[in-house]
Structures are given as C-alpha cells and as structure tokens.
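Note that the chains are named A, B, C, D, E and F in the order they appear, and that numbering of residues resets to 1 at the start of each chain.
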C-alpha cells in the first residue's frame, strides 16, 4: 500500500494530529508550570518573612540545638575564605568539606550550604567551585 | 602446510572483501574526517566512524567476531543499544550537563521546541506513503527529532532491524546541522527578522532550578508515560546537577558515565552498519527521509516563531526557532552563527538554548506517544 | 481518531493514577526535600526520592516500563540490586574511602562496633514474635545494622520480595540518625559522662595500615565466610587505598565507580517502591521494627561503653558507643554534635570513627551469620 | 543450640581449610608483597594477589560464594573475563594511553616486535610435545606474548578451564620481567653492543599520529581478522587520544574505564585460582612453560636485533630487542636499566618503546592466528 | 601422544611457521605503510601550497562565510592567552572551550583547533593542556 | 505462630546468641590482631637493624645491581622537589612518575616510594599529593 491510502489505512493522520497535539499540550503545560514556579517561590518567601517574628520565639522556646552558631555568615565566611585561599581555586566541594571538618570548623556541611545559598561560593561551571569576590564585596559594603 | 596456508589466506580480509566492504570503509573514513577536521560533533562521529571500520572488516560468519553474532565482544557491548540501556544513561548525563536557566527564564520559547517536532510526524506520514509499515515509519520519523538517543530508543522498541541506518542517519544529520539548517533558515526569514535583538533573560533562582526537574518530570510523564525512561533520567540528572549537595554524583554522571556510554554506543552503532545489513535500498530511503525530516523540523520551528511574533509584543528572532530541533547544542550554535553573520553584535546563543533544550523534551514525548500507539 | 484519542487519554498517568500513587509521589518529594534542604545523607536520599517519583508514575502493566517488568530500562539497572552486585561494589568504594587509623590506634573501641549489633538480633527476635517467617525476620533485623548495602545484600539472599521496604527503611533511618540517636544518647548518659574527654590516638604507621586489610580480611572471613563478598570488597578497597602504589585504582574506586553504582542503586531502590508493591501493612511493620532496631542498636552501643568504663582505667566517652551502629560517617558526626553541645571544645569525631567503622564490619559479619543459618 | 553452634563452627573457614588453601593464601600474600614492596606491576599484582585471598577462603560449595558458582558476586564480575569483555576494554584504555611516536619515527624497529613472538610458537610446539592438546598448547604458548589481556582473550576462546593458571602465569611473568630478562639480555650481548647509542628519533607530526591508527587497524585486521576485538579497541583508543577533539572520551578511557576493568579483572583472575582448581600438576607445567616462553621471546628479540645489525648502517642496540615481548612499559624500562648499567648516559627507554608497542600488536595478531587455526 | 609425533599429528610445525610468518608480514607491511604516511602527508601539503593561489581566488568568489574571521592567528591567540591565564595552567580543553564560548570569543572550536595545530596550546601528557610559551615567542619573533 | 512460641520454633534464641557471640568473637580477635601488628612491625624493624651489618656484606658480594644509586635520599629529593615545584601542588602521583621518567630521573618508581616512606611526599587526603616542607626541614636540620 502506498500514498494517501497507506496513511489512512494505518490511521496515520489521527496519530500525527494527536501526537503533535500532545507534544504541544505537554510543553504548554510545562511552560505554564515553569512560569508559576518563581511566583510561588516569591509568595513562599514572603510568607516566610511574615512568619519570622513568631518563629524566632519558637526557636527560643525549643531546646537550643546549636549553642555555638556563628552570629552571622560573615564570621563563618572569613574562616572559609582563609581555607579556600589555602586550597587554591577552583576547588572541589568535597575537598573543602573534608578540610573544614579536619580543621574543626563549625558544622561545615550546613555552613558551606549557607555560603552556597548566598553565593559566596559559586560553581565555576566545570564541576569545581570558586570564591565569589564580588558577592563578598557587595555584602561587606551593605 | 600448503592446505593450512590456503585456508588461512582464504580467511583473511583480502580474500573475503567485496566492493560493499570497501564502500563502507570509505564512508567510515569520511565520517572520521568530518569529525576530526571539520569538527562536526566529533564526540559522536569519531566513534561511529571507527565503528564502521570495525564493523566492515570482512570476517567469516560463525567465527564469533561480527556484531550480529551472539557471543562476540561487539555483540556484548551492542547489548546496551539493542536493549535500550545506553540512551537513558546518555540522557542522565545530558541532564547533569544542561543548564535549563534560559528556558526557565522565558518559558514561552518552549513552544518552539514543540513546533519543531512537526518534522517527526510529517516524516512519519511521508514514510507511510512511501510504503513503510507504521512501526518503521514511526522510527524513521523520529530522525526528525534530531536526537540520537531518542531515535535509538524508539527504533529498538519498534523496528530493531533498522537500528543501524536510523541511528547513523540521526547522528549524521545532527552533525551536519551547520550544513543543513542555514540555507533553510535564510530562505524563510527576512534580513530584518534575522537582525532582531532579544533582551537578556531574567535571572533564575537556585530554588527554581531545583524545583523544575521535579515538576517537569511529573508533568511530562503523567502526560506521556512512555517517555519515562528518557525523561526520567534527563530530569534526574538535572536534579543531581542543580541540588548542589550531590555534586559528586552529578559530576560522575556528566563525565565518566556519559563518556563510557558514548564510547560504547558510538562504536557499536558504527559497527552495526555491517555492509550486508546496511547497504540496502531501504537505507537510502531512510537517509532521504531523514534529510527531509530535518528540513521540515527546521522550517516548522522558524515558521512557528514567525507566527508567534504576530501575537507577541516583544518580538523574538525567528532564527531561534530552528534550534527547536534539538541537536543540543549544535543547532543553537548554528543559530548564533547565522545571526552573527547579519549582525556581529547579536548574541542569540543564549536565547536559542531555550527551544534547543525543550526540543529534547519534545522529541522524547513524541517518541513516547509513537511508541504507545504502535505497541499494540 | 476519537477512538485513538480516548485510547491515548486512558493511557496517561492522569487516567491511571489512584491515591496510592499520589501518596508515594508525595513521600518521594519529602525524601528529596530532606536530602536537599536538611542535607540528611543527600547522596542517598536524592536518588532514592527521585526513584520513588519514577517508580510511581502510573503506567499500564505489560508496557515494558515498570521496574518489575523484565525488559524495561529500570529492570535492567535494577539487576545489580536483585543480584547483589551493587552492594559489594559500594563496599569496595567505601574501603577505598575509609581511613582505619583511629580504629587501629585504639582497637579496644572495636567492641563498641560489636555491641551495637545487638540491635540486629533483638529485632530479629521481635520480628519472629510478631509472626514474620525467619528469613524475613532476619532481613528486617539487619536494618538495625544501619548499613544500606548490607541490608540489601542480606535481603536479596533471604527475602527478595522485601527489598523495597527494607532498603528504603535502612537508608531512611541512616539519614535520620541525627533525629533518632540524640534523645537516646542523652537519656542513657549523665552530663558528666558526656563531658569525658578522650586522649588523642597514637600515630599509626603506613605499614600497619597496609597489613590491616589483609589480616582483617582473613580473620573475619575465616570466621564468617558468608560475609565474603562484602568484607572482601571492603578490605580490598582499603588495601588499594593504603598501599599507595595503585593510587589510581583506589581513586577510581572511590569516585567514578562508587558514584555510578550509588546513582543506579539509589534510583532503582527508590523505584522499587511502586505503590502496589510497597503500600502494604507489612511495610508499616517493617518501618516500625526498623526504628526499633535503630533505637536498640544505639542503646546497646552506649550501654556497652558504660560497662567497658567499669573495667578501663582511661575512661571512654559513652556517647561514642552510639557510633557503633555504622551509618558511616553520619552517626560519628552525631556523636561529635551531641558531645560539643555539652562542651564545645570536646572533639569526639575522631574517636567515634573507630566504633563507626567497626560497626560496618560487625554488621557485615552479622549478615553473613544470619545468611548461613537461614540458607538451608 | 549446641547443634546450631556445631553446625556453625563446621562452616567456618577454620574447619574447612586444608593445606592447599594455606598454600594459595601464602602465594597471594607473596604476590601482594611483590606488588607493593618491590613495585613489580602493582596495578596488576595487588588486585590479583588479593583476589587469591578472596578465592581461597574455604567455603562450603553450593553456598553461592565461590567464583565458579553461578549467582555469586564473584561469578558475576568474573563474567567479563569468561566472556572476553574485559580484555578488549583494557586494550581500549591502553590505546588511549599509548604514544606511538617512537614507533612511527622508526618503523623498522617494529620487526623486533615481530621477532619476539617466536616465543609463542616455540612454546606452542613445546606444549604439544609434552602432551597438551593443541587448543591448550596454543593458550600456553600465548603466555610468551607477555600480554595479560591477550593471553586471557585467547584462553577463553580455546581452553577456558585454564584461564586461572594461564592468566596468573602471564601476569606474574610480566611483573617479573626485571628478574627474568636481564640475565638473558646480558648472556646474548657483548658489552660493546650494550654500549651502542642510538640517535634520537625524528619528530612525528600530529597528522601522522591520527592517520596511523586507521591505517594500522585496517592493515592488521585485513590480515588477521581474528585479532579484531583486541586490535580494534587498541587502535580505536589511540585514535581517540590522538585526534584531540574527543579528548574527554580518551581521558575517560585511560582513567575511569581502564581502572574499573583492571580492578574487576585483577580480582577475579586472582580469585579464579581457587585451590582445588588451581593446584594441579598441569598448573606447574603451565608455569614452567610460561617461563620458557618468556625466555625464548626475550632471546628471539635480542638475537633478531643482532641479525638486523648485520644489514643496517645505523646500528641498533640489541638490548631493545628484549622489549619486543610487550609487557608495556615494564620491559622497555628493563632495557633502559640494563643499558644504563653499562653507560649511565645512554637513554634507551624511548627507543625500546617502539619494539615494546609493536610487540603488543604482534602478539594480538599471533593470538588471532592461533584462534583461527584452532577454531574448527 | 608426545614429542615430535604429537607436533606432527597436530600440524604444529605448519601452524607455527605460518603463524610467525603472518606476524612478520603484518608488521613489515605496517612498518612500510607507516614509513609512507609522512611522505604522503608531505606531498599533500606541497600540493596544497601549490594550489593555494587558485584557492584564494575561489574563496573570494564563494559567498563570504565568515566575515569576522580574525586576520591572523596572532589576534585570536591573544584573547585565548588571557583566558588561559585566568583559568590557570594546566587546564582541561573542554573548560577552555566552555569559557571561550561564554566570553563570546569567535568560533572557539575551530580557533582552539588552530591553536592546537600550530602548537600554541599543547597537551601536558596528562590529559590537560598548557600554553606553549616557547612556540609563542618563536612566532612573535618571526 | 506468634510470640515466644514462634521464637522457640525457629530456634531464634540460639541463632541470636550464637550470632552476637560470633560478632563479638570476630571483632575481639580482630582487635587483638590489630594490637599485635605494630608490635610485630617494631620487632621486625629491630631485627632489620640488627642484621644490617651482615646484609651490607652480602650486598657487596652480590653482583652490584644498581651502580648509580644516589648516595642519599637528600640528593634524589632535590631533583624531585624541583620537578614538583614545576608541576605545582597538589599533584597526582602518576603525573610525577610520568614526568620524572621523561626527565630521565633515576629509578623514579622506587625513589618516589622512598620519598613516600620518609614522608617527604604526603597525600593531601584527596587523591593528590603534596611536598611535605616540614619533614624536609626536619631532615635537613638533622
């Protein structure tokens, strides 16, 4: 069988129309979802800020989990900056973790995570990480 | 001893070779040349080209050497192709390599990645019309998805005997994107359109990037469950990359793991072009339809971008529609190149990545749909 | 075409999903969240969590997608779990990662690693009492070993149908060690005990470190030959690490190799929690018994440390007994954390590594013993 | 409970061991010692030695632990040996590691790589004369090729039950090259010959290096198609290395991939020496013939170099003939060492690499020929 | 069967003689082929030089493919040198590629290939690459 | 079957008691063995020192294997230190080996092993190695 006849016989048109439609529907839905994600995150962050005062109280009531938490990220960042200078950049994340543990820095996992979150440590796009001098300057100027 | 010598000589490649082996070996050398000297997708063409040499050394059957003889080394490493193990692993690595930022910043560009999949379905109809049975027609159509692993994935499911020609066609055209796409892109756009500059995409937060692979995975796979192996691994790899805390896994996925699989997949896909299996009129048809599919896909992307411009305030450069075909990141680079030829200060690469990556998702979904229609 | 459309729609996840899929997907998202945001063992929880999403996309049976359908991609990579190939390879990597120095410096602390295995056997009795058959009871007991690969290893041998819940329970509790252990540790120790400072361990020579894996392997495997695959690979990896001359092999074992296996093991263990197999009353029982096992193991380690103090001149801090459960190096970190809360200048991490690592050896031996008793 | 205890004790290694296990464990420890302390090919000897320990822990049969019991972990990873999957992958890595420059600069030295293969065929005749059947004689002869992967490759094809002794013999003698070769080299050369200095090889262009693997592959495999799996992968790896554009693939092939395979191959080859299978009079014969093969191969290389000197204007140092046996790069280093003992300013390493590498090609071809003669 | 008898019975001599002969023939042919490769390359390069004048004309006639090609390798090399200094040596090739793309350098793939060809970038024999200062000096002095 | 009855029926107590006993016995034996290793090593080293004079004679009697052995580790270490400075720290061991071979240093494998043994080269705990300046200073001061 050939030509249009073959297409009809195998329901080619139906398959094609449904097929391309599903592709479009999927990507439209995905595009829509994606466009909503950052709005939801923004909302969530707002709620967070709104709740903060109450949370602080809760924290005080709860058994103090971490008595020696550095009061600000600034302090932790100094220690880590020194360490990173010693390692040399770019550095692999596990190495920093390992050394910070060895040096007895406080809770290296979560501190490094903090540093990553506020982008004081940033990936170099190549599997390694570097110290973000710009972000640091911005921070210290504010 | 003379007997032994004659027997030995009759087993050498010189005695067993016919013109078809020579043709395929020359094709292999040309493909290696394109990969090395022209740098068309060398990571794919060099292994495939050398695989063609390996697959077309003339050997006695039943000797346990050929890729189609069970028990041979080539057959063992070909297992990952014929059982659809390599393609999802490649997608895992691609996920761990790919930054979805530009797509997240401007999700509307994902429509271009959908539009370019028209090439798949139109070629499917074309192949049916030429007389291919529907399962083979679907496998041929998927060449238009411009995505090697997806093409292999679907072909293994629907028409395993066509793996060789379809995989080689898919990868060859992916490599030849810088040759195939520019004329079509120029034909379908005015100079004014090609000069359109797009504004920089917004910054995308880390949290968005972490949430995306989860949402994207659930949404796509609820709609097209048959795309699960490919999209599951793609989004999984991307989550590993973006969530930072498992960086070592992501790094291995995008280096050692994808490299090992690429080597094994490339060389066996090349070797599967054993002359007697590969040099058929059918293969010629597949290559012709494949080129057709690529052209249609490119055109669809560009034209759809022009249609979108009718409705959008901030115009998009229709060239980036061509990147919807996938062939990451080759076709995005072609967009950049064509754009820069008109205006050297116009950087389209970043913008072209959005349709480019969504084209990967789009063709994986298309493969899933075709599979689910054909598999009963 | 309407038929086709209806058929297609009836195959989407939206049509096939029931409440159980939704529950499991939510559990998966929570596990990913714990891994990323709370950083509880992210290397395990992120792959397992995403695997849960992959395994609980609702798909038609017989379509070749589910992890339990032979021929599916997930089923292929699950092979390494169901045939006990991944766990020894993970142990190889752990061996190549682990420094046994502190244990060699103070071998008496190895007793703590033995004591914590009480959790395994007491839970085994408990599971028997609740009505589980002995093979399943043994597999459940091993959760108390706090060692994912060992738990999988034994379960595959004795009760393969429980792999999903037991593996997820083992890994979840390993991740939740910072939640489960501290209250038990505080309950069983006085403030004075928690303040005990231990003196620095002696330096261990390179030769000792090289000889140890050989002696350790021979001794343990002569006593419990069934622990051979796990301990063989653990000590082999450690020899590769310590002997310096094959550093490149050790490096690959502790990076690419263990990473690849971790990815494949994590995602398939996650996917094996397919709702219809996983959401059973039995799984609830397994999770409850698993928590019980962890608690008993922690308590045994701490109490045994206190008993040892009755006989030893240089007192040991009983907190480090809790590290005897394995969960390397998570539970050693918990010890450090709890100790530092009392006295920020007290560094217990180093000391806790000795019971921690010997706990790994201990539970591998326990697994070997259970297997050898059950296998006839 | 007494029954249980007795049963348990009767299953321990202490109860099951006999003198043969002890012998093999001691041999394993000696091999590990040679690898670590003497640094004879540590990358091979350390895994093989530890594998011997693993394989000779006395265990009950039918328990699913031994390397020869299907379903055991060792048996799974041994699969790559018994099905000839590891050797070509190792060759891929060697290709991606090896610089063929010196060979390309002075192709005449390749004859030395051919000459040293005399060891293979003379040993083959010797083994026939002693009474081995031809397939086993061929496998024993290949030990003279001084190339572990090639020896395993051929033995799997022709005499699978001899894999253990032949592989261990091949690797042991490769490691013992610094012990075996020097006396033979000194015996067959005069001091004047050992002092010959060779001029520096010419520079080889990048293009030459890229073209070589393609030409070399086609030529060798047309002549001896049965060498396809080994030589295909060797030249493929070398093309990956030399063509620059796929550097990431070459890097993975020469690091992660070859390391993983080396670990698995080494430990299973070691474990395959299970006492009851290995400690036979036949093994003694194989080791004796293996030493003979190595000696003949070394002598052939050296003597052929002296013969070549009769015809050549620029004399070559006959010591480099000894490097024709393969054992890359160990035997080239031995040449350097012996040469430097006579004249510390004479650097032969570079020159010795040419016969050394062509020896690898030569023995792969020899293996192919033997296989093609035996396989009918 | 033992001794010479066994050898004869299994055609041992024939196999051995043919075997070692094929090994020799293969390696002699290979040696010959190898010795010809660089002569052929030399010839090819000559032909190339011979044809160049004509080719230049062709190039002008053909549609100008790359309007912004740097006039000489010197110019491209300056940019890349700066980039490499920033990355630090030795560097992985893909990293250079990635960064040069990010920095919007012109056709990084082919330019890097040019730099490799004229050996301004050379492998360090360890999978990484370094900037070849000697070659650079030679170039700038000529 | 449930409760104590089930435990008895399946010999649960016996298995558990033997099980935990074997775990303890194994680890006690291992602990004992481990505690002996360094004593045995110490003994071995002593014997070594005791035997040294005799061994030296043997060595002279035996054919001189390595005529150009550097007289002390100091000399080898200088060469290697230069090489390491050139490579940069931390460096992978194989790279050092490779380069030292290339530079024609004497018996690089065993020399590096010597350097490792006397801890002039030490692992950085991350798969790489560094030059141990402290150990060097200690050595040169003695």
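Assume a residue touches a chain if its C-beta (ideal position, glycine included) is under 8 Å from a C-beta of that chain, and two chains touch if they have at least 3 such contacts.
Here the structure is a predicted model, which is why all the values come from computation and not from measurement.
Asks: Trace the shortest chain of touching neighbours from chain A to chain C and give its length in steps.
Replies: 1
Asks: Taking each chain's centre as the mean of its CA atoms, which one is farthest from the centre of chain B?
Replies: It is F whose centre lies farthest from that of chain B.
Asks: So, comparing C-alpha centroids, which chain is the farthest one from chain D?
Replies: Result for the farthest chain: A.
Asks: Using mean CA coordinates as chain centres, what's the gap between chain A and chain E in Å?
Replies: Comparing mean C-alpha positions, chain E is 41 Å from chain A.
Asks: Between chain D and chain E, what is the separation of their C-alpha centroids in Å?
Replies: Computed from C-alpha means, the inter-chain centre distance equals 30 Å.
Asks: In chain B, which residues are in touch with two or more of the other chains?
Replies: In chain B, residues 4, 8, 39, 223-224, 244-245, 248, 251, 255-256, 369, 373 touch at least two other chains, as defined above.
Asks: I need the residues of chain E touching at least two other chains; which ones are they?
Replies: Where chain E meets two or more other chains at a single residue, that happens at 13, 15, 18, 22, 92, 94, 113.
Asks: With touch defined as at the start, can you tell me which chain D residues reach chain F in the complex?
Replies: Touching chain F: residues 1, 4-5, 8, 39, 337, 340-341, 344, 347, 349 of chain D.
Asks: Given the complex with chain B, which residues does chain E contribute to the contact?
Replies: 11, 13-15, 17-18, 22, 66-68, 101, 104, 109-110, 113
Asks: Along chain C, where are the residues that touch chain D in the complex?
Replies: Those residues of chain C that touch chain D are 83-85, 88, 92, 157, 210, 214, 217-218, 221-226, 228-229, 232, 235-236, 239-240, 243-246, 248-249, 251-253, 255-257, 369, 372-373, 375.
Asks: Contact residues on chain B for chain A in the complex?
Replies: 103-104, 107-108, 110-111, 113-115, 117-118, 120-122, 124-125, 128-131, 133-134, 137, 204-208, 211-212, 215-216, 219-220, 223-224, 244-245, 247-248, 250-251, 254-255, 358, 361-362, 365-366, 369-370, 373
Asks: Of all residues in chain A, which touch chain B in the complex?
Replies: 1-4, 6-7, 10, 12-13, 15-16, 18-20, 22-35, 37-38, 41, 93-94, 113, 116-117, 123, 127
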